[in-house]
Amino acid sequence: MLMSYTAAVAGCTGYAGGEVLRLLAGHPMIEIGALTAGASAGTLLGEHHPNLLDLYDRPVVETTAENLAGHDVVFLALPHGASAAVADLLPAETLVIDCGADHRLTSAERWRAFYGTPYAGAWPYGLPELPGQRERLRGARRIAVCGCYVATSTLGLLPALTGGLIAGRDITIAAASGTSGAGRNPRPNLLGSETAGSVSAYGVGGTHRHIPEILQNLELLGARSPSISFTPLLAPMQRGILAVITAPVDPSITAEQVHESYRSAYADEPFVRVLPPGVWPASGSVLGSNSVVVNATVDEAAGRLVAVSALDNLTKGTAGSAVQSMNLALGLTETTGLSTMGVAP
Amino acid sequence: MLMSYTAAVAGCTGYAGGEVLRLLAGHPMIEIGALTAGASAGTLLGEHHPNLLDLYDRPVVETTAENLAGHDVVFLALPHGASAAVADLLPAETLVIDCGADHRLTSAERWRAFYGTPYAGAWPYGLPELPGQRERLRGARRIAVCGCYVATSTLGLLPALTGGLIAGRDITIAAASGTSGAGRNPRPNLLGSETAGSVSAYGVGGTHRHIPEILQNLELLGARSPSISFTPLLAPMQRGILAVITAPVDPSITAEQVHESYRSAYADEPFVRVLPPGVWPASGSVLGSNSVVVNATVDEAAGRLVAVSALDNLTKGTAGSAVQSMNLALGLTETTGLSTMGVAP
Amino acid sequence: MLMSYTAAVAGCTGYAGGEVLRLLAGHPMIEIGALTAGASAGTLLGEHHPNLLDLYDRPVVETTAENLAGHDVVFLALPHGASAAVADLLPAETLVIDCGADHRLTSAERWRAFYGTPYAGAWPYGLPELPGQRERLRGARRIAVCGCYVATSTLGLLPALTGGLIAGRDITIAAASGTSGAGRNPRPNLLGSETAGSVSAYGVGGTHRHIPEILQNLELLGARSPSISFTPLLAPMQRGILAVITAPVDPSITAEQVHESYRSAYADEPFVRVLPPGVWPASGSVLGSNSVVVNATVDEAAGRLVAVSALDNLTKGTAGSAVQSMNLALGLTETTGLSTMGVAP
Amino acid sequence: MLMSYTAAVAGCTGYAGGEVLRLLAGHPMIEIGALTAGASAGTLLGEHHPNLLDLYDRPVVETTAENLAGHDVVFLALPHGASAAVADLLPAETLVIDCGADHRLTSAERWRAFYGTPYAGAWPYGLPELPGQRERLRGARRIAVCGCYVATSTLGLLPALTGGLIAGRDITIAAASGTSGAGRNPRPNLLGSETAGSVSAYGVGGTHRHIPEILQNLELLGARSPSISFTPLLAPMQRGILAVITAPVDPSITAEQVHESYRSAYADEPFVRVLPPGVWPASGSVLGSNSVVVNATVDEAAGRLVAVSALDNLTKGTAGSAVQSMNLALGLTETTGLSTMGVAP
């Protein structure tokens, strides 16, 4: 008989919380416990996530210490700045996995520069593919899951940095995200009438909050004084991020070398797939899965390595990495309950 | 240790074949064997289904008796009229599951009226929710999976007929389908530039080939001389069907009675969910799942029962019902390898 | 030299107001005057309608008698129930064109049954294609523009009724609309993440407020005691409505007769096009235009005439019919400033 | 009374040809003449462009000297490599406007490097916003309209180069295009089932044929030895291109200076709009119009100027610039028949 763990989700009514629940419902060793929220307490989960049919009638209760008590795992899918207070309600032996940004940055200075609010300290970082990170996640009881643009960008660059193909300076990233990345708070610019049929830019000029987190990862991958120009785009789709990444590359390095570096760097990764030469990622091919698809080449005339990476912002970009990290923290097989197969077409 | 079965897919490069493979890859008791096709033999599966990352490098071989031999199950995902010839290549003890239309109709006359080609005879019908159908599917070795519009329409009407709420005459159905229902054959009118941002009608006026199959099911549900006006629409989405169904209803029947009939009819069905009163189906909520969402009411002024049903045309509408039927035929738990949770948003 | 008129738009920040402005900006005889709103007074028009580049810096002022004074035409694009109060601010000689529902229904009883609020009385009805309606609109100074579903449904049925092909009873209509029909008020279910990739039903069972208006038009077209089952759908697109309409038809009537009736009924209509036999409307083909595309046939087995009609809900369904009606009221050429050519693909 | 010109369109069945016709139909001084094609000769225009309702029944005839003779203007909307042969059929005094690439590049070497086919020589270049270009277009009788990605990229960079803000080296461009940019040739990867819900990359690594054309424009704008890394993306929409452009910038240059340079550079351009500081382009806001929306800033930490530009690939990116160039060549007001107002939402 399989041992099982109980998991609660605080902030269950948003998109991140809903995706965590979708994955947990398919996880053979997790029993879903309390579903908590703020203003939505007293409703049914199905009112927020009609796709989660087997949990449709589960009540949403208030986010309190009492309601979250007694679970082996508590996922936090809360607005920025709310995680620390909820985590404080929980005993040290509870595995707390924060899908938000509050505990990702190790630099208080960077935190303050981009977030403005008080710095809450860093937790072990939920992107298992980073070198050495699996060791840090095994047995951890507090985990800060990576940001969605960050996961896409970091995994698009990792082999170039660990393979010494690039130095990490003057990187450019343009990344298109589906609208679910902007969350569920109803704002006029996120109405379907506005987002359909249109690609738009936002946060242009180095202001997006995922920038310090990407820089932190690049440093962890060996870059000294990395710099990135990061431009996020909103694309007319529900899920998915595709990032176009360029970085100065030594003219002696060939496209074949780049591809081979990427292949070998990810050869043993269960969730990262380097596509064949000349085949480029489509975000739709990984929808609903925990997979990342990547490819890279050299643009000789431009003197730049060009990498393209894609993942599902809600799955591998948030809830999938959360469950993957949970598996590691609990000592389970890392891939349990996670699919590599995208729902397509 | 679990027993496992081997399954081949003939016609693996189309959308139905791809969805069968996506589901089989997550099925704990199936080992995927030969992947066959016609003109695409010699390619890799990943060239056709880049979402099926774990099967990316699997070779596509020719659809021959030799290549299909030795499997416990063979799925046929072939163009109309091609199934009989391939089924003839396979021994009687092989479980053959046809995702196409060739063996669905029990009436040679209806077949000829709508298809024109020679009638190939009927197989046990792969829509387990029909009364008495599970018994017919258990142990079956030839199964004809239901059509996608047919599953949506039939399950939207079933409780109204079995509950005696309607007689089955003068039914109207307008059903909007995602573009994957039209298959993968590149035609100008199926280009993304044509299908995006537009709803269009086709096959208007009683010409769609799913009509005789719906009528057959209505008769099986007790309707005498049923008649339907069926209008299919193409909607700007990849997957999903939503059907609006109306039927004359006795003025004495109330909305509450209708809802209660639907609830009780489907109370034990693992994949059909009747939504709360006043909550109406959205096709997106069941994307990638084997679930059907249904609701119904009475329009008193119009004198009609109105039901709305939605499912994923590739999953419950094709490959999901195929796997569900396979589970029954092999004596497995009916729900094995099938999710009830839609990928949303 | 051309004479020109000044036009103000009250409620300029919503989708209807924006579309009125887009059309007026291309109208050779209209000079755009005051742009008014409620809470958005003090902003620039470009903040709400970045597509209206030539009006980007125009200030939005408060909806007051003073601001609306002195215009030849005032368009009202206000929430339900707000039009009467604003119209009362304006002199009788000002042409007031209400894009809302407040003054459409001639029956106080029907108004109260569907709207609940006090009845404000009917104005000349802004659907010029109705028989005799052009005469009523010429010189009118108060006009209530048709509803969007209503225009689609009415024009889809008109030739069948005026040609005596159907009686107008037991009609069924399922109509799919783009999301702009639901307006710009941010609601969670209208977020792009919810509306993309999904068709959903709402207002099922005879509750939609456009039903009494359709019935009123059917009566005007000669139907006695008409009845309709009307089901609206939300489709994943910004604009457009496509309606599938069925009605009992005498078995002696052929598809050819039906098509010919439609052709001849609309032969002189500048904005209604009957497609060739077998070619069915796509809503995308009329995007941004004032055109309606229609076709109809007979489903013999079902005993029903089936008509399909499509238009752009914001143009012909609202602002286009408003400008067309304005042209008639002002004695201008009816088609001035209105395009028949959809923006496609 | 206005003088009018006759215009023929060779290659009228594709998307570029259709858009030329949509614009010409609204042009007050153009009378549409012959509509020609290759394999589609003998069909009606409405079979290809059901949106062009007023031209629905116009016959498509073969592309021959005879059919094209006697027109003042002939638009060529042909596959790569086919323009020269058709242009040779036409007298020198006919205004020939090529929407294809054949006559855009002034460098035979660059042509051969990217196209491989024989070099056909350069014609006056149809992007009137380039400095000095209006003079070259006035009275011209052969015009090669700019490429769609090229127009977006060039107009996004123009003020940065003419204002001396950047040198033109090490530019990066990631540009997302709607699917109509890929044309109407049915290919499996362009099916709606593939393109919906997904952003994908293609032509990565410096291989796209618009690169030499962008470089040519940058040189014309004063860049010496320009270099660009250009990555095209396919976005799930029908129309529109949005480009994210970065270029090394001197650290002394501020965001305010950049914005001011852009504002002043485009102050007199009728079709280019610089958005207010902090407001970034959305491709949907210019749909169906001839407008370009642009904005730019400085990312200090990255040391790069970042510009974002958006236009409709079929209008300003092709047919709109073609008509704008035609107006100049014929001595008409440049903006005749062209709208600045996007069709949105």
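Details
By written order: A, B, C and D. Residues from 1 in each chain.
Heads up, the rule we're going with is that a residue touches a chain if its C-beta (ideal position, glycine included) is under 8 Å from a C-beta of that chain, and two chains touch if they have at least 3 such contacts.
A quick map from chain label to UniProt name: A, B, C, D = N-acetyl-gamma-glutamyl-phosphate reductase.
No experiment lies behind these values; they were computed from the predicted model shown.
With B-D and B-C as the two chain pairs, more C-beta contacts join B-C.
Measuring from the averaged C-alpha position of subunit B to that of subunit C gives a distance of 37 Å. Separation between the centroids of subunit B and subunit D, computed from CA atoms only, is 44 Å. Touching of two or more other chains is recorded for residues 15, 180, 191, 193-194, 196-197, 236-239, 282, 284-285, 287, 344-345 of subunit A. Taken chain by chain, the contacts link every pair, so each chain touches all the others. Within the complex formed with subunit B, the subunit D residues making contact are 15, 178-180, 182, 184, 186-188, 190-197, 236-238. Interface residues of subunit B, counted against subunit A in their complex, comprise 15, 18, 22, 25-26, 46, 49-54, 56, 180, 196-197, 238-239, 273, 275-276, 279, 282, 284-289, 291, 293, 339-345.
Remark: subunit B residues 170, 172, 174, 176, 191, 193-194, 196-202, 204-206, 211, 227-231, 233, 235-240, 242, 244, 246, 248, 255, 280-285, 287, 295, 297-304, 306, 308, 310, 344-345 touch subunit C in the complex.
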